[in-house]
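One chain, subunit A, links the two complexes that follow: it is found with subunit B in the first and with subunit C in the second.
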Partner chain A sequence: MSEERREPEGTRSPAFRRFVGDTVGALAFPLIAIVISFLIGAVIMLATGNNPLTAFGALFRGAFGDPLAIGRTLLTATPLIFTGLAVAVAFRAGLFNIGGEGQFFIGAITAAWLGVSLGSLGPLGMALALLGCALTGFLWGAIPGFLKAYFGAHEVITTIMLNFVATYLATYLALNPLRSEGLVPGTATIDLGARIPFIGLGLGRANYGLLLALVAAVVVYLLLWRTRRGFEIRAVGLSPGAANYAGMRIGLNTVLALAIGGSLAALGGGEEVLGVYGKMSIPFVYNIGFNGIGVALLGRNHPVGVVLGAILFGGLASGAQEMQFSTDVPLQLADVLLAVILLLVTATKLVELIVGKRARALAGTRLEGGL
Partner chain B sequence: MTERETGGETAGATESPVVLEMRGVTKTFGATRANDEVSITLHRGEILGLLGENGAGKSTLMKILYGLYRPDAGSIFMDGEEVEIHDPKDAVERGIGMVHQHFTLIPPLTVAENIVLGAEPRRGAALDLEGAIKATEELSERYGLRVDPRSRVADLSVGVQQRVEILKTLYREARILILDEPTSVLTPQETEDLFSVLKELVADGLSIIFITHKLGELLGVSDRITIIRDGRVVDTVKTAETNERELARLMVGRDVLLRVEKKDVEPGEPRLAGEELVVRSNTGAVVVDGVSLEVRAGEILGVAGVDGNGQTELAEALAGVRRAESGHVYLDGEDVTASGADARQERGLAYVPEDRGKKGLVLDFHLYENNTLKTYDEPPFSKWGWIFPKIMRRRAAEALRAYDVRPPDPDARARSLSGGNQQKAIVARELSGDPGVIIASQPTRGVDVGAIEFIHSQLLEQRSEGKAILLISLELEEVRSLSDRIVVLYAGKLVGEVTPDATDEELGLLMAGQGSEQETTA
Partner chain C sequence: MEDFFGSFGTLLASTIRNATPLIFAALGGMFSERSGVVNIALEGLMLISAFAGVVGASLSGSALVGLATGLAAGLLFALIHALMCVTFEADQIISGTAINLLALGGTGFLMVEIFGSGGTSPRVSGFKEVPIPLLSDIPVIGTALFNQSLLVYLMYLLIPITYLAVFRTPFGLRLRATGEVPEAVDTAGVSVWRMRYYGVALSGLLAACGGVYLSMGILSAFTENMTGGRGFIALAALIFGRWNPIGAAAAALLFGFALAVTFQVPQEVIPLEFIQMLPYILTIVVLVGFGGRAIAPAAIGKPYRKE
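After this line comes the complex of A and B, so read on.
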């Protein structure tokens, strides 16, 4: 009895230590990148005659200073979690999903259509609309998967091209068959009863789509590390040769990984329509799909990392407004900071040069595997 | 030139001046000391064998000499003068030539073009092709390295390509030649040819460092042997005064069973059979061309042959990883041609692939994930689409311990293991499922002697338990010592069947495709 009890402990403690080490290692690198980029930002501010401390203070206040600011940050982060996950899942299968933007638009137009047609059903209509988003996104995402698996078309090219098809298709639908009578071009407004409700708590317009995004992150985690499908997706991504040797179907997993990614990004689009705007007006929000790539990159293609990365993106976006308001530093500096962070996260060798090899060793093997 | 004459030269060679000395060379990678105060000397006109297991540090030392790595400490002397070698260009200028294990020739170019590449004779601004051909002819005449300067490298056999590599270094006036595992791609006859060429070269005043992990061949060709283990020089011995057993002990650090003991097992029913198999490679070429074979319970059928004669594709077609163009595969009498690798594995077929890094393991997976790479979708590891890492871990811990994988930590990543332990992890996975049929494709490629010993004894144990084993290997010794029958694969065809006591010559001729039609069934 006592021996049985000792054994799992003996095996767990090094595993636990490794888990902590992995986590610290995974976080260390993006954190270093963030610190360096803020230093660079400070230099830019000094050079343009601003006080970095005041500016960064305003940036932080605008991002996390009060419930309203936090709400704004979370509101911006929510769709980015979806599009970030869309990139991460595909990446785990060894695929670059650049199609998040188009998939996001497909989700948005699906939600705008179903939200209006099922609006009378109230919350049930909302749930069905979201399901519809997941479905259309799945099918849309599967297209480059099929092209890759059965015709060898590179997914980077096809997903980029399909972005154009999707955004113009959604725009066409919103402006023609689904166009409303209203002044603003776009679809009709969805009944309040069928919208995603606000969280409240003084968080402003932050809605329960955030909860859905967090659930999606958990689902992605479970999918990847607790299911057969995820096991196959990760094996295919890390070593197609070994996956094939083990009898796994590479084509099927390619299609599924991109399709699942598609439905995640589409849910992001659905959340924006059902939770934020209540309709798809044209022009719609742009770049959320593309920013998902940065979020996934920053989050090392791990669901937890994606959530943290999305919050950083959201925080910088909402804090920048406050920074511009109370100092002379323009909004665009936040974009510069983000760009530098992403640059450093990708250019691992550069950081190695700046902070020395120790930090890089700390970041561990994941780095090599991650990118 | 006979062996005795070389022996006579040995004594002379050690007297002759030292052309190269590496003194106290140390090189660390992270926490590992790849070279720890390593010192070697090389005399003019001698062949120095550099013996050690994979990962002992031979290659690191030679990469330092060739300017690919900078040492952390230590110095290099050439002709008594201290030198610093910054890059391969430096090394070449100082007269060091290296023939890598994987050739660096450009297949569509001719022999002469390859030889002069990077140091072309010119006539004005144009390449002097005639000059290149003449230079090549002169060199090949002088050293007895027969090649046709005008033929395309792509059309040459591996043995001749290696000759071109050597000529390339001679054209750059190498005085010191480093050969990295040069015999791994050669038939026994080609190896003999290479050795006589090397003896000719040293008679002409060149000095050669011959890197290998094969004991036997060093005894035939070298003058002295430096043994490296765990990054340190263990000893340097005169070839004439040593033997295989002593070398093995020095290399591994303990006594080693060089020959495995094989019990008599009465072979039973055929368990694995291939019938008229035709298989294409990834490039679409037919590389297995009508192979039929049968492996019975309790026997090991060895497939000998030089690399690239269809071994990989044959194994993959039998295992179901690759679709056969035509023909049939039978497992225990049932036609499984239509079923995939997964279904065949569930019917009790184990397959140890020849490439552990690209096929056998997902290197960035944990060991427990690798241990269930084929059974992740079966109970108790999986139910209703979910997988249970805890159970996987527990089962992996047992298997890793039973097969002596170090470290036996299911959470370690496969990449962090040594080659030998990676291979043992694959063997653990494949054999712990109690398979009826085992396909082992180069199961000991690039692993240390200890792991070889272990894997061989595991295969023999499976044999005595009545399993049918197909052993595909490039190592003649391995095929010979384990197999009950040996077939030879040449250009995608089985060109003969022999018993394990067939001579090297007999096997070598078959491996070279000669004697194809006259089957020497014993």
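After this line comes the complex of A and C, so read on.
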């Protein structure tokens, strides 16, 4: 920045200025949200008789302090990349996909079913199980898209309702047709040969699902910004009227955006079953789909941002365990911090107050609709 | 026949109990959405008030104090939503989602801080059934409708009051105009921001009644995530009822019936999980059947900025 300041005003190229402006804008909203959220966290800690410095120190140590901590953070971040991408793709089409939670459960039960049935095939079984997740997630995700495109049912409500349906459905399947003998209620355990292998490198239980998540992020980027289909999805999101006038099919793109999102979130559920737990036990892990919303918004619905957002969320979650262990602060505080970040991350005027009027032009994506 | 009327009475009573929090929340959502602010935070507003009510009742030993603390919490969180949506121009759906997550995380955090552990809080004194003389003696429906807690009677009163407030008072006219044509309201010298703050604040107070009824009218304790999607069902009832208090209440009764049935169907016939899905599937069916035709207030979801 200091280099830049020495140049006379006129010589800076507009492209360069726009790039700096865009980057500052892209980072301004998340950074301000994170800082304010941590300040509120500090106030809560003080109010409940804890030293914020000690607690945040423990939080950071637990998140990034050593390779094991980093491994834990990456392990937590992996499914969040998937559920975050699920929200981001739909958002680009102007749709708010709150159905990540249910889609995640659909993926998890599919992975448990196929993983157990095809376990003897080893890595091929794993690949088929993941493919199965993507497929069931696609179909499940297409439902709200279809209901929105052809019946006008708002996707925010239908995806939330489908979350309940999906979790009950997965619970039923895991406890009845797919139930195994055993103390812990849930499906049978998948053969070790058909699991996603650990990365190693001292990162503990972090598995190659992370690699898959990063590949998914690249694929989403290429899909949205390098294909005709992606262009249509974004066009429908930015201006449905203009997209329609240009001959693009709004209904088809609506269904596709939500279905692709469903695939991604389901892959997250599949990764948890095939890479982390080896089975679907009931109760299964909750809130990964919901936290994907925060991840996506923090990452401004861009694949790179989603990956960074997931690592932040993962770090907060794994750091919170260390914080609870070494101080008196309950780990639920991490949920509060995440919610506050989410609350502030689209607050245009707030950022405008802090960084000035430029923020108006850099405001995040906005949704509108008749809810 | 005796048996049929007996179980009909039970089902009706259960329908009323299940519909009450939905009706409160739907009426609340109506004030907010009529003013032009989407309120998917109803879920979180109910949850935080359900918790605050139990905390208040537990500290004071009085259910009425619990109601007061519940109302205060609902109002506070609604004002946060208003601050974000109206003043800071945040996306209303995202702010609502954040409030919901904040309520979930916040109640989880405070459960540990206040009661020492998560899960379910200690029992507190709740609102007991108060039979209305004479009316509660009507055969079959008397006990179901008129042997309920005070909050249910409050709900009965609020349906017509809300209707009159929205459609027959200058306040209601301004509120509706703010949600349809904010520019005109502004030109007429009424503050759009103030009307929206009123709308969202009222939604917080009403959702709080629903939340307090859940934790202190139906149960006498708080359980984590006890709202279980009721805020969203209330929102669907509001849309189904075309943003009209009477329509919304009728729709909420339908959903209340679906919730009541889930407790009545024998598990041997249909697996429990499928019975539990019923209210949510019904919500989708209703939205699919009627949602598309419902027309939302024109300016909903858009922040208002004076230029």
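Keep this in mind: the second predicted complex is superposed on the first by the 328 of 371 C-alpha atoms of A that agree within 3 Å, B and C clash if a C-alpha of one lies under 4 Å from a C-alpha of the other, contacts with A are read in each partner's own complex, and residues count from 1 in each chain.
Following the convention adopted for this analysis, a residue touches a chain if its C-beta (ideal position, glycine included) is under 8 Å from a C-beta of that chain, and two chains touch if they have at least 3 such contacts.
Please read these numbers as outputs of a predicted model, since none were measured by experiment.
J.: May I ask you to decide whether A:I157 touches subunit B, subunit C, both, or neither, giving the answer as first, second, both or neither?
T.: Once the two structures are laid over each other on A, A:I157 reaches subunit C alone.
J.: Considering only touches as defined above, state whether A:I293 meets subunit B (first), subunit C (second), both or neither.
T.: In the superposition, A:I293 touches subunit C alone.
J.: Tell me which partner A:A243 touches in the superposition: subunit B (first), subunit C (second), both or neither.
T.: The first partner, subunit B, only.
J.: By residue count, is subunit A touched more by subunit B or by subunit C?
T.: C
J.: Is A:L211 touching anything from subunit B or subunit C once the two structures are fitted on A? First, second, both or neither.
T.: Neither subunit B nor subunit C is touched by A:L211.
J.: Between subunit B (first) and subunit C (second), which, if any, makes contact with A:L192: first, second, both or neither?
T.: So A:L192 meets neither subunit B nor subunit C here.
J.: One more residue to check, A:T227. First (subunit B), second (subunit C), both or neither?
T.: A:T227 contacts subunit B only, not subunit C.
J.: On subunit A, what residues does subunit B touch that subunit C touches as well?
T.: 365, 369.
J.: Which residues of subunit C touch subunit A in the complex?
T.: Listed in rising order, the residues of subunit C that touch subunit A are 33, 38, 40, 80, 84, 87-91, 93-95, 97-99, 101-102, 104-106, 108-109, 111-113, 118, 228-229, 232, 235-236, 239, 271-274, 276-277, 280-281, 283-284, 287-289, 291-296, 300-303.
J.: Which subunit B residues qualify as touching subunit A in the complex?
T.: It comes out as residues 30, 320-321, 340-343, 345, 351, 353, 355, 358-365, 369, 373-374, 376-377, 382, 385-387, 389, 393, 397, 409-411, 413, 415-416.
J.: Going by the contact rule set out above, which residues of subunit A touch subunit B in the complex?
T.: Going by the criterion above, the answer is residues 11, 14-15, 18, 225-231, 234-235, 238-239, 241-248, 361, 365, 369.
J.: Given the complex with subunit C, which residues does subunit A contribute to the contact?
T.: Within the complex, subunit A touches subunit C at residues 44, 48, 96, 98, 147, 151-154, 156-158, 160-165, 168-169, 171-172, 175-176, 290, 293-294, 297, 330, 332-336, 338-340, 342-350, 364-371.
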